[in-house]
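Each in structure tokens, the structures are laid out below.
Consider the two complexes below, in which subunit A is the common component and subunit B and subunit C are the respective partners.
After this line comes the complex of A and B, so read on.
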């Protein structure tokens, strides 16, 4: 792979699902990992937020010499400063996680960046196979472990799925020694967010299975009877080949055999 | 004695009495008495038109001579079965009619495998909740529109709550085509100006399309919304650790079980006017779909495999079974017996003490269907059974059951699969 590709990975502060402590975000770590695979040492890792955050050292400990920080307050809007940064950075591939683990975690940032920069967006990437002649071949992670191959023209933005290669271990010492480039940017406040009310997540009510039986006998039946799938087709007297053909037709119709 | 079939209407419409059946009906000692009495179970009206019930014909004499009343109708072959079936047919849910709607709520469905998912149905239910709220606030009547792309195998749109249907078909919308779909949605937006756009917040493409539409329209959507009314929305934020409540935006991405699906109304399912050819499908699409690529089906976790070929005690030729699974590109599963006997690893076991699978198609070979196994496949859409026992539970559950020795059917299946894939290869090499 030619080392000329400019790759930018955007990282955010993660949140441990059990303890709630801040950590290296799962998908952002994978975005850095994928970026390191594509462009080795020339990868640019960008964080919009607090430059003093100790978690950034965990990203830097993945083998980065430097990390770019666009400082802004917690209630700031990351979008305009990232657009300005990417416009001036000659980036060809921008990698982000699918959803942040803190803040609104709407997953809209890559889409808004793509819209404002006029670049294509590839959702849920598992791997970037090749980049040549201004186009990249990308593997998308589909549900149920499937993969789809897509060709996209450079420059593009990709969100990195959990199916991508796991982020490497971070090294504490090199992380501390990494150099932080803190740029001077104007922060924009997120006005809409100020009107929201944010509270701790309430547990969602479980959906109850309501038996809509009119008589006691029907209720008894619903509670005790084995579910019987009605209307199934049973083939008894045909030849084995015909039976196999019927099964194969069903598989084709359901598109599990492609 | 008009409750007995002693009267019948002739072709001329005259009622003719049959004195012999009347006599048999009166004579309880007559050998044909019970059959004559049970034949006249229809509705009986007295001379004044009142509905009459004959308490003497209810129930039957059990084997030990005690009168039994079968209220649960378990022996359905008995007296009332015909009448019950007739009633069930007549039950028709009330039709929800929307004429000349003042506005629309668009629901863009995932339609996995061409059918509405339960997630889609919940969102249709939520759309109707919003419609009801709008109606209560005198904001006019609003129709719920289902927007779906590609092939559809769904037959019950009316019961799911679809007032209007926008079915967009065409080669360019098939497969992975977010850009083409987005331009179709933009066209719909321009044409109908819907009140709300509702999307499933799912990994099947709903979230992706919704984010694209929201960023194109420059609107701020609510993602992972789970409590939605016409005025306020509660959605999850910070990876599900907090609730954000805000005003309901126009574009919503909804979590599963956000509302109850429609259950007791029918809907019109009228096609909405939409010209597919006018969608701006340009050459400017920058994502080119190369199609799905083959993955090692046995590397896919059993719990999320799409197509499982599962083996039980009825398999004798295990080499053949593995070969067929490879030929069909199916993930292998097994029943407990096959695992206990050492033919398959424990990690492949399907059922209560193994894995609960969610396959779209589950092909059970030689599995009779213990209840623990049936629990494990409860979420599968289509079940196909190959078994020698026509009376087993798996055959009852199956959508397609084949009564035959597994070896012969598997051999024929193997041949079909090999022919299919080799012809595919041939086409590919011809095209290249």
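After this line comes the complex of A and C, so read on.
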């Protein structure tokens, strides 16, 4: 793998599901891990938010020499400053978690970034196998441990699935000593968010479990299954026009395009 | 006589060589980190520390203690007199006779050393150590013959130059071992380094019957944390490693060694010596780390220890049970060294094995090792009607619940203890959700940053309330509260008595506040938890409690200060280094061999470990549980 690939991992402040305390976010940690595996030297880890947040030291403790912070207030919009940063950064691979553990947690950020930058988005990556000649071979994580190999041209944005390698242990010393590059950026207030009313989510009632399985193997399958979309279709051999038509039909069907 | 000058010259020559060696050796120690030591007071205290504290440990092996008194005492006396009689040429028959007597004493001792070396137990190192009794015998015989003329027994010049020449060769041989070898790394090094180690020991509180078991806090925020290279140890730790006599008593009691995990405390200390002196372990002639060949380890003062000197698995095998420290006649601090090196692996490398990383992450994010919701810490006590400190602000007794609160088996112990306290009408309160993990596991896993954070936050909580006594059923939390929280500059525990529940209950029974029926079950034995016994010296209260129920404890061979670890300490179940056997299984075999039907325990961790042994096996019960089942009914009504 050429060491020249510029990888940027975007990290956010996670939230522990039990204690509600700030922590290294599960998927963002995996994004850093994947970045470290691709190229330790040319990895840039970026956080848009408060540079004083102690959790950032937990990311740095994974062995980062430095961590870039784009400072912005709690009500700021991360999107425009990240777009500006990525445009100027020569980034070729941008890794993020699928969705943040705190804040809006909409999972939209990578999509909006990809849209504004005009880059392809690769969702739910399990592994990046190779990067050569301006293209990367990427394994997508599918339900039940299945993988799909796709080739995507650089630059691209990828969200990192829970199936990717677990984040390495964070070490106190290196985290403490890591250098924080706090850039000077204009923060943009998130006007939309200011109008929202935020309240704690109620836990959704759990669906009653109806055991239909007859055999242990069936029960195992049922217990381990991730929900599978029924209508999915893999098109490999069709022409580009046919593939585009299929996507367009789907968008119409789902009423995304009217 | 033409050759009369030869013996004194040889003695002088070897003395000079020994002096040069001593300076070289001291420079090796001085490469370590600075540590303040009172040099003069240490040197003055040294003879007493040797004759009293060290001898007290050696005395556990009567054969060896007598042998050593004769050999060592005889040698020191003889060597001093040799200087007067043979080097300075003092003409005194009294001195010469005294020298003869000292040599006879030494000769007798050396014979027993020789006898023990005929068929040495596996724990003893062989190699140069097998040569030592011969050198001792040669020394005593040679100087005996050499002194005979001075004592007036033989006329001057007996034997002529031939005898002088023969004696000179023997002097060269034996004194090389005794003087040259003492400072240049031979077996006699233990006398030189050992004496200075006693003088400059890092835990002087241990002498004179004291106890010092709390780990020293790591300094946080430096360029590196923990011990990476041999020179990162304090200089007196390096000196301590050099004091090792390779007697292997540590090896004989080490639970990890017995379980076939890659740890041997003796080899570890010898590897530390290889580290700071440089070289390889090829000359090591004792038992290896189980499953690891000797001869491949290389070390240098500035080389990372886990890069080629020892494997990190060796460090993670330790259960911090302190059996080796307790047993070491040279009072070497193995556990300190191991945790120092673990600190580097965890705080700098982020290489805590197996579940270590996850447990530490949980401790940081939820203040308990298993990542349970902090808000569920008091769920166990939903039906216990216990006062919360938050509400009452003060109580006679603060019950430190510990992380047993999250574990259903441990909750049975907690409930039993609460019932006993209620029966005795104790004014008790708990911290509830304000309590955090004591930090024991984090600290033993090398994460002193997490430990210190927990300790400081716990102390801040404790300082809000007033109580006279703090009681816990967990010896690990007990140890942290009692011996380790004092390093963080808080007054929260000032004037507060920290007690283990067995000590506390024993007082209640003695004061007649608990009415107990006689126990009518079968034979009972008692397992001493390491953190209650060796760490805190509480061996009596649990036994007195059992006796108060009319139980005559069927002691295991390894009990009291020699108790064998259950395998649950020091984060060992978390790092889970593979071995040939499980430590808990071996301990249960100890229990079974007493014929007991029940083993009484005073620790939830020991309970969990021993109950993890497959059945059929004796029943495992905490002392609180045994007491509660014997509580007389009329007290409750």
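Just so we're on the same page, the second predicted complex is superposed on the first by the 204 of 258 C-alpha atoms of A that agree within 3 Å, B and C clash if a C-alpha of one lies under 4 Å from a C-alpha of the other, contacts with A are read in each partner's own complex, and residues count from 1 in each chain.
In this section, contacts are C-beta pairs under 8 Å (C-beta built on N, C-alpha and C of every residue); 3 or more make two chains touch, one makes a residue touch a chain.
What you see is a predicted model, and the numbers here were worked out from it, not measured in a lab.
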| item | value |
| --- | --- |
| Contacts of A:145 with subunit B and subunit C, given as first, second, both or neither | first |
| Touching partner for A:155 - first (subunit B), second (subunit C), both, neither | neither |
| First (subunit B), second (subunit C), both or neither touched by A:172 | second |
| Subunit B versus subunit C as contact partner of A:217, first or second or both or neither | first |
| Between subunit B and subunit C, more extensive residue contact with subunit A | B |
| Which of subunit B and subunit C A:23 touches, first, second, both or neither | second |
| Which of subunit B and subunit C A:76 touches, first, second, both or neither | neither |
| Touching partner for A:35 - first (subunit B), second (subunit C), both, neither | neither |
| Subunit A contact footprint on subunit C (complex, rising order) | 220-221, 223-225, 346-352, 356-357, 360-361, 364-367, 371-374, 447, 449 |
| Subunit B residues touching subunit A - in the complex, by the definition given at the top | 71-73, 113, 175-176, 178-179, 203-204, 207-208, 211-212, 214-216, 220-221, 223-224, 226, 236-247, 257, 260, 286-293, 295, 299-301, 304-307, 328-330, 360-361, 363, 371, 381-384, 386, 390, 393, 395-404, 408-413, 415-417, 420 |
| Subunit A residues within the subunit C interface of the complex | 16, 18-19, 21, 23-24, 61-63, 168-174, 176-177 |
| List of subunit A residues in touch with subunit B within their complex | 15, 17, 20, 99-108, 111-112, 114-115, 120-124, 137, 139-140, 142-153, 156, 192, 195-202, 204, 207, 215, 217-218, 220-221, 226-229, 231-236, 240-241, 243-248, 250-252, 254-258 |
